[in-house]
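Two complexes come next, and they have one chain in common, subunit A, joined by subunit B in the first and subunit C in the second.
Take a look at the complex of A and B:
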């Protein structure tokens, strides 16, 4: 407590538990200011209709100056969405989670961006080199240097 | 009926002059007014590193017209990840010179 992140996250916690929480987003677990789990679904006619996913956010004490580590949860209950920017271990290649991060972004803003990333998907497939990436991937997706070479998906 | 005022307390309020039109009207539902986009604390509050609002925790203006707590913005600009860009519009951050009204207009 007392860190920059705790005060900022306390405000975001309130927002996620209010009517301001974006549609299709639900805070599942936020026991501390280090790890949050958030349910996410994409509404409307998309390739992910009726599918439910969970996102894991990990914050360090410098959040929001430093970006959160965000990945899809992969366990007995949840799978990572089949998407050209999402590896089967849940890691996501999205510029706002890496070099495109800005401290004015927030947990709800990231969730909404990922919702629209899923909503605009035209073909359900894994990224190229998925197996190789997953085999050698670090635990923390922030340690991966992704190349953002596709703005269309 | 006549009313005699026996005693009164003067109460002062201050606000940073952010140049936003009708800042007084802009309080929204939470009554908090405008907040710093980085820490989400009202401009008139202080950044998370400070204890007292006011001159010791001032605001900083960019030429892009975006306003933040100075301490919040400097923390961001001090990181390599910021590429010295404004968090709002990702333009190169240039601190704006503020003309201070000295005549109290």
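Take a look at the complex of A and C:
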């Protein structure tokens, strides 16, 4: 069941492992069609030069109709980037991950979008109310109702 | 390999060649299946893919423009043909099928020819599904295939062959006692003569409990069987018993017949009894036993009324005014009078209701019972139906009373005539006399008046006219009258 997601993810897996994979993105772990870890790096002259981050993608059987749960990995090896839309637990406030999601998007597309989000950041800071959010945040960022009100970033 | 999306099964095709990216759905990243295109923004999707996407968000996945299912049109025939003609591998490729064909022809391939597709065994009762390539091999082994029994030739399913062999009549089986192999069809015969077959003693029906091999029976048991010694007695006894039984059953059936005959006769008898009514005689007593009072009524007549008293020729008939009594059930036995027996009385109509009529006759002839007689008018004084004789007797007495009655009626008629005649004679005489008297009186009156007339006219000086009495009514009918009008002489004056 849910092989629409399996087929899509199989194709994306192939794409990520091939030459078409966007630069700065690397598939770290993809053992099943449920959770993938992808390493991203922002290229060019940005605030995050030389910083490596890891993104955790969680898919459900309705992918790509339903959006994946995406967050930055926060553990001994990786930290969440310091960004006004990234909370310290790794949750990302991005429209494409919520109501802006489209089935046309894919894992590479999301990664690229997040790369550009990081690249276009002007100031490294945590979002407002980060501590309170982190205290009460659910495990799955899709359960959070983000309000998208900042168009500058 | 199948995923159920909103309405359709989505088949996972393996495309042989690289497909042009324009033919690929951006949602499922596979060549379109049943493609539809938006009328607004001209984006194409697989119908199942976009229906699922619209459930989540009513907007075009590509450009987020608002969208609903009504905005879609089917894609062009050109595109659909191109998609249908894409070459795909058979879905059973992993199992071994090397067939490739156009996408639109795959379904037929799977249904009709793919050797690795599962089909159901055609044998009746077999629900197994095997790959088409194995169907032949399966058919040869299928337990539901029909084979024929080698011995008896009946058609038998392969799985039942064993069970059938155990019962097949043409096959050999072993006699359980002598261990000979015998065809099952002949087993019954064999049992009849097998020397080791266990049989009961021939006299088991008479009670011998012994059982054993036939050979033993014949050789040793019969010789010492106690029942053998008295078998003559048994034979006689049997014959007697069966004769008795036969007689018994025939007697039984006869009894049945007689029973039914008796029943019907009883019913007839009942009917006759009821019909006879009071004349039904039991053997012993002459009375009825049904509790009704014997219906006997004496009807008083009004014969002795005033009119007839004087001339009363009715004395022709003896008036037997009987002691009026409602005869009680036992009163039949108390009626010794010959007169009563002779003169039957009127039999009242019914048994039940009318038994209430009780009229009292009056003792003695000539008595009138004006009070009751007004109620009963018809008939003469007649004795009640005598129930102490037979029906025949009663009818005879009825007949005689009818005879008497007619005779009395005749005499009554005659008497009436005579009486009427006599009376009328008398009356006529009287009338004649009266007429004479009246005539005389009239003559007298007339003469007196003439006299006066004359006197009055004489006073006036006139000579008297002769008045001749007209012959008219005066003389009419006076033939019998002894009185002549005296004035005839005076008128001549």
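Basically, the second predicted complex is superposed on the first by the 151 of 153 C-alpha atoms of A that agree within 3 Å, B and C clash if a C-alpha of one lies under 4 Å from a C-alpha of the other, contacts with A are read in each partner's own complex, and residues count from 1 in each chain.
Note that a contact is a pair of C-beta atoms (placed from the backbone, for glycine too) under 8 Å apart; a residue touches a chain by one contact, two chains touch by 3 or more.
This one's a predicted model, so the numbers in the text were calculated from it and none came from an experiment.
Overlap between subunit B and subunit C is detected when the two structures are superposed via subunit A. Look at A:44: by the touch rule set out above, it reaches neither subunit B nor subunit C.
Legend: residue contacts after superposition of the two complexes on their common chain; A:129 is shown touching neither subunit B nor subunit C. Shared-chain residue A:7: touches subunit B and subunit C both. Contacts of A:138 after superposition: neither subunit B nor subunit C is touched. With the contact threshold set out at the top, residues 3-4, 7-8, 11-12, 64-66, 99, 101-104 of subunit A are in contact with subunit B in one structure and with subunit C in the other.
The touching residues of subunit B, when paired with subunit A in their complex, are 37-41, 48-49, 72, 75-76, 79, 81, 87-88, 90. Across the complex, subunit A meets subunit C through its residues 1-4, 7-8, 11-12, 62, 64-66, 99-104. Here subunit C touches subunit A in the complex through residues 1-5, 10, 12, 26-30, 49, 52-53, 55-57, 59, 61-62, 64, going by the rule given at the top.
Subunit A makes touch with subunit B in their complex at residues 3-4, 7-8, 11-12, 64-67, 99, 101-104.
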